[in-house]
């Protein structure tokens, strides 16, 4: 979580400084979801991320140097710097990619889970998606197939209350989001997305079920994005008060308070972790700034696999 | 004629205002089109003026949104439905092609489907491979659809009004990179008919058929070439379907040379149809092969160094024309 | 129901005699659904049908002459004989069409309901669809919007146990199909699709709700197709025994038994109704056979509305 | 070389059998492909031989089925996914275009997407406006996809095997009207490489570039014309992407005349790209304008009297050729 937070703060700074091209969506506030779930995954397990995806990339073990290189449009990035924030793929760590199409990666995760099942690899796949996806047909279709085929996949909804400038309640019918999963008899539960330990516990159960051949799970994680929809968004549609209240439950602070209370860590230790994270992130970011952009002949590279 | 300077974006918005005020069957449907005023500000003020019943915010459900728009049109509304990025029309192709485009035909005129599918395209700003594409070649290939691609403020407004009043499904493709270009727009109720090309600049040496944002590019190229005593004629088809074949062919027959410029992908793109048309029907008039300029066949990178390489520019237009004249 | 049954038997005969072009899907066995629901609709109300749609066309008041003309490919048909079985539109009776795209007409019905609501016309729309649609994203998306906007629409699922050659249980997750509607807080109930009175009663409630501004309903009607998926299908994947059992509950016979039992009608009266239906259908079919096919210049007609 | 007579359908089936036996990552995914053996019998026997894990029956969920296939391919399978009718690829365009086509590029080679999207097209049998379309023009326009359109039994088998072994998403378009055409098929493991056109018949007077089912039509036209002492050369591109430009251009440079025949819609169709290509790059060799023959821009009617009017036939091909020679 510390690395994700430091990462996103740095991304924000770099973006505002004009160093990052394109559309960038920040993950600050939602760190517990990516961190809690990925803590339960092996390197060979799969995740599929979305447009707000830096947190997943970091939590799944992504290389900070390559991540910054990609964001800054440098040829040393994961995609030669041609993908940017919304198109980061990390095969070494089973990351099937961030994506610019809302809901677009949901079936990718389930498809990877299908391969894992058919080829008996024991891998598990996680589909991360926002609350906006709750109203997309492709989510329902994928859940149905995951259920009938008992696929080792976790559907992890990061419910931050908004899809762009539209509040979820205005566009999402039903009494309980969990009913969307239950309609397919998929075990579906609400999790506190600001509490990394709760996230991790829920993920552990779901991963165990998946690996044990018991099929998919659906976790609905209540969380909040501190930033605008994308960096440039001023958030006039959202109340400052609400954000303030959610910040009280900030995932990093919450964990810190717990660890200190039960004496698992001291403030100094925690500060050291945060400082280390910041240093690592700063080093990667600074390093990336010095790298080369792709050359013109790299435009056509990898159009087709040979 | 009284007129004012407007940007392309505001001209379209004014067209929407006027048509909504004129006909209460006209409504706006899409994601974040209401209080938010559209992600590009392209529906700004409509919600305040016409209310939530006429400016409908939707969930992120493109296939069903579009399908419902078709049903709403069959039942008597005249919706303008927005697909936020041109890349996302991939999600509505079934309802667009298998329903909207064919219902008037299949019902032998029993049902009309008067709707406008409005979408924004355009390479620029490093939005990357999933937020920069334009599939005008696809929709132009589908019988029953009309396809509009404006580039100037006056045309954008007049074509939007015509599209709304048309009784067929019209795909209205706006290039974001033209949104802030300003132009003179009449204060009166000017309609630009669908199917009429415009000669944007007259010239004797070669014809450039320029699609949407390629028109401003071609105009810049014309300035460059004029200094070399080369005068190009620029034809803006304005609507891809119906395509004003007569105007295009008449121009080429006059100049004997043609370049087709389009910001979409080259291969199997809109430029191919126009080039094939000219090559076949102006064959005896041509002094040089019809050439094409369009985006190379590659995903559009999110990279400031590479993105410009996938947009044809004025220098390339000028170079192609010079090559043609020296052939 | 009598007319639908007679209609379909005649269609089957004509098809096997080589008089009907294309793919034809018969409605025999499912008559109670169309008849029961449409009995509760006004002429101005909308329906959207599907590939197995003759029953809906007839029940919604379609003209038998024009229907046969369309099926037989004659220019006097609803679509100049260019649409055939899967593309029949009857605007006079609010029929938004049969369709060849499974699930394709679901949003059309909801869209018509949106118009009815926004323009305050008091109309109601019905979307008929097969069990195959239960796994299509577009159904879920449409239900969600119908629910948030409180649209006057009925979702009527005709569950005949199979989608082509695939049994519904093999491809449809969940304990209860009704949960698919309940996820959106849409009142959802199972109805005996072989019992026209039960169908009518359920439809009445749902139509009242819709007209009263109370929004959508979801009816799941258990039924059975007696014929193959399309006329040429030999049904090797289905048990004869099962069909026999369903035939015991044949919607026409069941109603006949009831009417006779409670003395609402005599067998003679019922026979007369059936004979009348057969005569009307035969007359229309015979008449249609004599009509002209469209001429070559009708190929391009109506491509665009003027 | 030992060989046998097979229909196109059985040849493809044999290709699938062999590849599935050879590589256990190859699997079949689609609606009714399992015990039912496919609605056209196009997967008959595969389920019995390879079982439910290799031949996967799905719900009617085209968008997610296709998307899952993409994910399955990224994770190591080599799926052949079926979209029952070509008309239904409208439902998978988003996952096909925004995911499958771009993932190898966006990941800089990090992920491969080795899958075959198999679909059946073809005007015939009065299946009507929603069961007769072919959108090969659309998929050919999308960078990152390959597009295969076979017509003979030997090619169909050899191309299917090549498509399965290819590490890219391949759209494999089968014309149902060719399914029962018989041809010689080698018993050995013959691969037909993607991107190599075939000269199906040699001739001196004009080139017919014929796409898929237009090849048998062109062969019939050749017989008719031969009696008039006109010898046409028939080029079958076999794959639309990659397009074998060299073979096409070489033929036209030899014959000096070209007709492009395609069963898809004419406007903005595949025939436009091929005609534009020839017109531009064989300009100095052409004795007549390049002409095109394809389906008119109208929904395909479900009507025995009208349906034949939307399929180009051998008489029309012959007539166009005669016109070209008299020009």
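Labels A, B, C and D are assigned to the chains in the order they are written; within every chain, residues are numbered from 1.
Note that in this section contacts are C-beta pairs under 8 Å (C-beta built on N, C-alpha and C of every residue); 3 or more make two chains touch, one makes a residue touch a chain.
Because the structure is predicted, anything quoted here is derived from the model rather than measured.
Engineer: Which chains contact both chain A and chain D?
Structural biologist: Chains touching both chain A and chain D: B, C.
Engineer: Quick check: more C-beta contact pairs in A-B or B-C?
Structural biologist: B-C
Engineer: Quick one: report the Å distance separating chain B from chain D, using the average Cα coordinate of each chain.
Structural biologist: 30
Engineer: Centre to centre, by mean C-alpha position, how many angstrom separate chain C and chain D?
Structural biologist: Averaging C-alpha atoms per chain gives centres 36 Å apart.
Engineer: So, what's the distance in Å between the C-alpha centres of chain C and chain B?
Structural biologist: Each chain's C-alpha centroid was found; their separation is 40 Å.
Engineer: Any chance you could list the residues of chain D touching two or more other chains?
Structural biologist: 58-59, 61, 63-64, 87-88, 94, 98, 102, 105-106, 129-130, 143-144, 296-299
Engineer: Would you pick out the residues of chain A that each touch at least 2 other chains?
Structural biologist: In chain A, the residues touching two or more other chains are 82-83, 87, 99-101, 104, 135-138, 141, 144, 148, 170-172, 303.
Engineer: Can you name the residues of chain D that touch chain A in the complex?
Structural biologist: Where chain D meets chain A, its residues are 25, 27, 53-54, 58-59, 61, 63-77, 94-95, 98-99, 102-112, 114, 143-144, 146, 167-168.
Engineer: Of all residues in chain A, which touch chain D in the complex?
Structural biologist: 46, 48, 78-80, 82-83, 87, 89-91, 96-97, 99-101, 104-116, 118-119, 123, 125, 137-138, 141-142, 144-145, 148, 301-306
Engineer: Taking the complex as given, what residues does chain B use to touch chain A?
Structural biologist: Residues in contact with chain A: 31-32, 35-36, 39, 57-61, 63-64, 87-88, 125-131, 296-299, 301-306, 309-310.
Engineer: Could you list, by residue number, the parts of chain B that touch chain D in their complex?
Structural biologist: 63, 87-88, 90-91, 93-94, 96-98, 101-102, 105-106, 129-130, 133, 135, 137-138, 140-144, 240-241, 243, 264-265, 267-273, 275-276, 279-281, 283, 286, 288-292, 296-299
Engineer: Which residues of chain A touch chain C in the complex?
Structural biologist: 135-141, 143-144, 147-148, 170-175, 179-180, 182-186
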